[in-house]
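Labels for the chains are A, B, C and D, by order of writing; each one numbers its residues from 1.
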Amino acid sequence: MNREELQSAITALNADITFEEGGEYLTANIPADACRDIMQALHNLPAFEMDYMFCLTCVDWKTHLTMVYHLESRKHAHAVVIKSKLDRENPEIETLSDIWRTAEFLEREVYDLFGVRFIHHSDLRRLLLTDDWEGYPLRKDYEDPINMIKL
Amino acid sequence: MDVKDNQQHAFPGDVHPTASGGILVSKLDDVINWARSNSLWPLVFGTSCCAIEMMSTASAKYDWSRFGFEVARATPRQADVIIIAGTIVNKMAPVLKRLYDQMADPKYVIAMGACATSGGPFFYNTYSVVKGADHVIPVDVYVAGCPPRPEALLHALITLQAKIKAGDKREKIVIEKFVDSN
Amino acid sequence: MLQEVAQKETGDLVINVGPQHPSTHGVLHLVITLNGETIKKVEPHLGYIHRSIEKMCESLSYRQFIYSTSRMDYLSAHINNHACALAVEKGLQIEIPERAQVIRVLMDELTRLASHQLWWGALAMDVGAITPFFHAFREREVLNDIMEETCGARLTMNYMVPGGVMFDLHPNFQSRVKDFITLFKSKLPEYDELVTGNVIFQNRMKQVGFISAEDAVSYGCTGPTLRGSGVSCDIRKHHPYELYDKLQFTEPLETGGDCWARYLVRMEEMRQSLHIVEQLIDNIPEGEFQAKTKAVLKLPKGEFYSRVETARGELGVYIVSEGGLTPYRIKFRSPGFSNLSALDHMARGQKIGDLVAIMGTLDLVIPDIDR
Amino acid sequence: MEFSLSAIANQVDTWLHANCASWLALTIEFVIVGLLCIALFAVLGLVLIMMERKVSAYMQLRLGPNRVGPKGMFQTLADTLKLLVKEGLTPNGADKFLFNLAPFIVMIAAMLVLAPIGFAKDFVIWDINIGVLYISAISSIGVIGILMAGWASNNKYSLLGAMRSGAQIVSYELSAGLSILTIVIFTQDMSMGQIVASQADGWWIWKGHIPVIISFIIFLIAVTAETNRAPFDLAEAESELTAGFHTEYSGMKFALFFLAEYVNIFIVCAVGATLFLGGWMPLHIGNWADFNRIMDYIPSSVWFFGKTFFLIFVIMWFRWTFPRLRIDQLLNLEWKYLLPISMFNLLLATFIAIQGWYL
């Protein structure tokens, strides 16, 4: 599918999806509570068959957090970026680790560094930092006067 | 308190010169130091890039086996020198301390590369890097470079040998500094 | 404490492998649940070399941050730098001169060769044969010398900059690379003789660490790990960058899905890299080695994603720019991270010795995983 | 006068008996033999470790130790001295008594096997008439020390290593024993002295037909496994179990394990040389009297050590060439291949012996 076809096909999944202009990949903003259904459809429907999640990350926009998923279909060779806005104070989103197994570790990393809680994740613990670490270092307002020497 | 007085009442733990019978003991010490300096078995310990250069030092081109360093032990109990090859982060620091504690005396430490010396390229704006391995364990020899060349590591090992042969223990040097500064 | 309790209840043996352990190639920590010698579960604990590169990059300029990435996957330092340079160039929308492209591809492939040589030696050492390690380093040192001559460093080169490469090639480069090609071609059969043909080695590799194509894709495995399961995934083929669409090379595929398949894929990749270098070494065009760029780089507001094929798989660099001097957020999609997540799946039901072999064929570089 | 160890031994014996009471002479001889054994072990350790390092360096395109003393000859001396004065740690959770006992058991077991081995013509500590049986019995005691070390260390790696070692040595004892039996069948004597004497007209490896060649190969494989050497070094398995059963040992206790490994190699190679390559017996070819006489001029001890060191080199060659086997492959190799082959081989040997087809 090319970009336009993909856009119309994804719009058909959920009416609340908006699209961003420009960018290398087609970028869709989806509501967080519908995330799991849309992702399931993107993975399972033969028209999409997005079997490969090549990136999962989060961006702190100071007012809110945005989850960013990069998906690709190995069969159809099309790719899409899915974004989902999260509340900064209480970030929660359904886990995708049972759809793409790679998400299990990537979500743990995001939990570790951004504090996003993934509901129904089988093993949500800190991955890179020690268990008693305070705060979420990749957030923009993270301060650590002891360890961090600012330049 | 003047300097002379300070030297007479030396720092607690300082080595007192023995009255007599020193020749045999000091000769034995020399022999032991010779053995120790020529048989430095490194611990297999590498955290990042420097570990690759450490492997290069072991490889045929640089060949640290010439000096008898090639018996790299995987268990800290049998190692003499720990070459900190790479960055030490906060999560690793307790492990490094533990490894050091597990080693049998006498034990020596080489901080290989900028990261182990000072945090190197990861000094600023990082939240997890220990700014120098000497915050965790005492270091005998520092090697500069990111990563240091194998020759630099060999030089560090030879410097450590010279240090052991001279009989200078870390504690002694610290004490001398203390006395001098007074 | 919890482990002790679990141990008493189930009779399983829980052992910690790492963070300091010869087979983890760094500071990976694995908690392994054993039933006798058979592995029931492997749980990786990461972060023992988490150097917060992503946070650090947020305060470095677009020229500076590239240097920290060569410390990430230090065995493919050039390719890491390349990915970052590509992402920045995407933002700046600059075309780089053809000479620079050729140099980049040459350096990438030489790095891949060096990385695979080290992997080959380390894998053999993991399964107990120490000698191949030294044979691999013999050829690797030649490559290191070539790198040093042109880039000024043996391992972490920092040679690729936005707009091209930092310096021009050293005058000796061509002749030395040609010498290396003849040398390595004569040594490759030796590699096969020493390790590939060894019956013990084959037995240690075959039917070990199996992962099916579907699972491997789901785990996000890339590079030789996925190609060993028979899925074509080479970024150089599917999303060609620089000159790769004009070059002749094949993507080696094996369908076994076990360690042996991954081994064969990597061995063939070495030959393919050599083939690519051979095509380019006589055809380096004259001209500029760097495009004209401003002294201070500013990326427009937006998101830029570049993908390259490192020696371990797909590396993605995701830059979010707010239009400032530094990236607003940067994310490295490292190949090792996803490959590692499949370790538990591959190792279950195998023996301890197999775990070492599996980790060897995944070719993990821990700083690449932890970043 | 030609050099002969037995002549020296006899002179000492005669002198002692002439000057002392017989019980005193015997006691002094015991002490001398004990001291000689310990000295031999110390020298063997130094020489073999140096040899290993040089052989490995040669295989790996390196130079090996060459800085300490002339040509690096004092390297292992420095290592030994250092280990002597290094702190010997005992872990907190360890069973202290067993932990400290284990290295000595391994070492003593290795020393005991020395008794029936003839180092030169008529130069043997105790030519017991069941020498072969004695060797195979004593050499399996060492594994108890290894199991002890693994258990007492209170370390999971050590335990795994020790268990592996136990399984391995118990299995490979069988093949080693059966391959030794082949020679016993041909010689029809269990005394090591008689076995050497039976090879005066040709070593068993030449005149023993196919069964001896097969059993020689099986013997080499089995003893490599019994001494825990690569490719059967699963008990140590550096890349899997860090250092296996001696993970927690440091200083002198570790040095004992290290030394015992090399002494064991020497002993199994000495046994192999005695059984298959004629021990101290010079190379004799049929009735070439002149040739045989020239060979006799070379002292018998040189023959013995030459053969032994050749076998040691072969075993080192294995170590630096082959990858390690996995534990199940290791046991499969023994129980599914080596054991049936050696049993069949024994049958074949018996048949040939009954028919009297050997020279």
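Heads up, the rule we're going with is that contacts are C-beta pairs under 8 Å (C-beta built on N, C-alpha and C of every residue); 3 or more make two chains touch, one makes a residue touch a chain.
In this text the structure is predicted, and so the values were computed from the model without any measurement.
Taking the mean of C-alpha positions as each chain's centre, the chain lying farthest from the centre of chain C is D. Comparing each chain's Cα centroid with the centroid of every protein Cα atom identifies chain C as the most central. Mean C-alpha position of chain C lies 45 Å from that of chain D.
Centres computed as Cα averages put chain A at a distance of 25 Å from chain C. Look at where the CA atoms of chain B average out and do the same for chain C: the two points lie 32 Å apart.
Contacts with at least two other chains are made by residues 60-62, 238-239, 242 of chain D. Residue positions 60, 74, 91, 124-129 of chain B are each in touch with at least two other chains. Residues of chain C in contact with at least two other chains: 21-22, 47, 50, 52, 55, 59, 133-134, 138. Chain pairs that touch one another: A-B, A-C, B-C, B-D, C-D. Interface residues of chain B, counted against chain D in their complex, comprise 31-32, 34-36, 38-39, 60, 63, 65-68, 70-71, 73-75, 77-78, 80, 102, 104-106.
Per the touch definition, chain A reaches chain C in the complex via residues 22-25, 27, 51-55, 57, 59-60, 68, 70, 74, 77, 81, 100-102, 104-106, 109, 113, 126-130, 137-138, 142, 150-151. Interface residues of chain B, counted against chain A in their complex, comprise 90-91, 123-129, 131. The touching residues of chain D, counted against chain B in their complex, run 53, 57, 60-68, 72, 74-75, 77-83, 85-89, 238-239, 242-243, 246-251, 254.
The part of chain C that touches chain A in the complex is made up of residues 46-47, 50, 52, 54-55, 59, 90, 214-215, 217-220, 222, 231, 233, 238, 302-305, 307, 314, 316, 318, 320, 328-329, 331, 333, 337-338, 340-342, 345, 370.
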